[in-house]
């Protein structure tokens, strides 16, 4: 990585090691603040959002791939990052992630490409973190 | 089904047996016309669209579920119908389809519900066709 | 209305009296079928969807206007129809509906116009039903 | 056309000759009703929408192609139909329309395909009307 | 706040006091530059955009809530920030903002959550600015 | 320009000279990494994406304007930046870019405005680079 720029311009994350940590910190901090507001609808939705990815007729891994492809075609970087992290935790392989992303690309078109670039960057980051 | 209205209002398909047949006919007729135009980019895209769902690191069934959830969150009834048909052909179970659709609903929100209604109607139609 | 065509082309509802009845029937029939499936995530989402529009810090009427404008910018005809019906039930005036729709139009752009046409047609239909 | 089904399933227009006429009638009827409401914001927006496609640094034809591709990637059938009609009036050729649609397809992905089918059907209809 | 990271990762705003100031400066600077171009359509649209939120049958506060929920479901952080600021100026309460955001969340789904996090962060920032 | 802030808040690019260079570097670096993965579908899509903008019945310049307006209404900053750069290379004038953007604004609505601000900032940057 040393020959590549340390500051990828479109995610603005300084170095990639810090990026995932920051993502997690902001996510956790704001979730706490939002849930602490005790808005019934929001809190139940957050709970339901967790439930949707639990294993059932489909296993957790497949559900994370579904979450990943849905996030790609809707073009949400944070959602992609979240599901990339979860996919890695569930043992999804690099080829499986790329095939999932290829379907997101075909369905969603070239408008997905900037998100694909950041998604691959994020996946590489997660893989490096696991290798250490 | 005899006690339900024979003309569901929001897909306007007369009776459900005819609906799938009409979907297939129009799809086939227009695909022929479009490909016959010999626009290089369009024809290659159609070819690539077929390739994306072939088995690889992920099996065909998983890829069809990915196609289904992506179509749901992007709210395209025809794309949903196509993947519903393909899911049935690949032996996806009713529970697997509902869990896939539940993720589409959570990710995409209540705006997905009208498409969920038509998707379930379509799935029922495909199941009835298989039962005959 | 007698001088206007009885079959508006882009909602395909035959006559307008039947259109709302059909919308309600299909909606009810499919909701029953979907909820009968007992998918935990889907059923809880449907319940939560109802809760979100109950009165609280904001009254029911304001929440229905929020639902209407959100449905317009996301361009979902069925969602618009539903909130149009609910707005009428909550005593929203014609001017209030048009101002809400004007914000939907400014935020969402000319791509919203076909949905605006159908929304106004639906609102007129609801008003006529009330007048009878 | 006699060898093709007379009722294309996904636009539900009976026969194609009637479809364009109905589109125009409903559009005109609702525009009259909407503008008659005298909502300042809506009326000015409609006026501005017309202005945007007038010739300037770019000619009218190019602007109609821009309107067409924007309508395709946003997947609005009525908007596509409108710009297809306008493109024909401005002398856009079949090849130019297909190249414009190919860019819409690449940018927007396979989710655009159902709209592409209906757009080509509409273009054929407009061409037949001109041939008569 | 002192125990939380001073650089929330996904809005990249350094500290929150600076963020709103920067938002306003860039917005103002670019609006001046854009309007100075004298493109008739763009300038009239900017004018109309201001008009749409003026009081009428609905009061300004309700219109700002409509603008906020529309911005949330369309997932535009800058638009959300703008309406958050305007809501605060119109005396919207914290509970009213959360209920509006809960409808945006239900309608738009979990894909809205990253924007909800930043919206709440922005609202807290606006509240702190008012407290000083 | 010297009296304006050197760090526009919503694109976070430090100074504008560096912004375009960073965009290009990240784009190039990630494209290399993605294509090196040898996923057939992704690689063919990237190839096809290039083909779509080659001259044919429509010239390259017109196709870049189509790419620009499609990117605006789909609200993708990176895609807009790419087509802004390409438009400049093809000799598109400032007036032509503003008219294209005005159509994107009318079709896509006020939700496009934050992207319009960044697009104009980018165009100014490209013009300054050409002037040097």
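By letter and in written order, the chains are A, B, C, D, E and F; residue numbering begins at 1 in each of them.
Just so it is clear, a contact is a pair of C-beta atoms (placed from the backbone, for glycine too) under 8 Å apart; a residue touches a chain by one contact, two chains touch by 3 or more.
Given the structure is predicted, the values throughout are model-derived calculations rather than measurements.
**Student:** Determine the set of chains touching chain B that also touch chain E.
**Tutor:** Shared contacts of chain B and chain E: A, C, D, F.
**Student:** Can you check whether chain B and chain F touch via the same residue numbers (shared by over half) or via different ones?
**Tutor:** Same; most numbers are used by both chain B and chain F.
**Student:** If you fit chain B onto chain C using the CA atoms, what's the rotation angle, as a multiple of 5 degrees?
**Tutor:** 120
**Student:** For chain A versus chain F, what separation do you get between their C-alpha means, in angstrom?
**Tutor:** 25
**Student:** Taking each chain's centre as the mean of its CA atoms, how far is chain C from chain E in angstrom?
**Tutor:** The computed centroid separation for chain C versus chain E comes out at 26 Å.
**Student:** Using mean C-alpha positions as chain centres, tell me how far chain D is from chain E in Å, no decimals.
**Tutor:** One centre to the other, that is 34 Å.
**Student:** Of all residues in chain F, which are in touch with two or more distinct other chains?
**Tutor:** Residues 12, 41, 45, 48-49, 52, 70-71, 73-74, 79, 98-99, 102-103, 105-108, 110-111.
**Student:** Would you tell me which residues of chain D are touching chain B in their complex?
**Tutor:** 4-5, 7-10, 12, 75, 94, 98-99, 101-103, 105-106, 110-111, 113-114, 116-118, 120-121, 124
**Student:** For chain E, which residues count as touching chain D in their complex?
**Tutor:** 40-41, 44-45, 48, 51-52
**Student:** Quick one: in the complex, what on chain D touches chain C?
**Tutor:** Chain D residues touching chain C: 12-13, 19, 22-23, 25-27, 29-31, 33-34, 37, 39, 41-42, 45-46, 49, 70-71, 74, 76-79.
**Student:** Using the touch rule from the top, collect the residues of chain D that touch chain A in their complex.
**Tutor:** 73, 105-112
**Student:** Chain C touches which residues of chain E in the complex?
**Tutor:** So the residues of chain E touching chain C come out as 48-49, 52-53, 56-58, 62-63, 65-67, 69-74, 79, 93, 95-96, 98-100, 102-104, 106-108.
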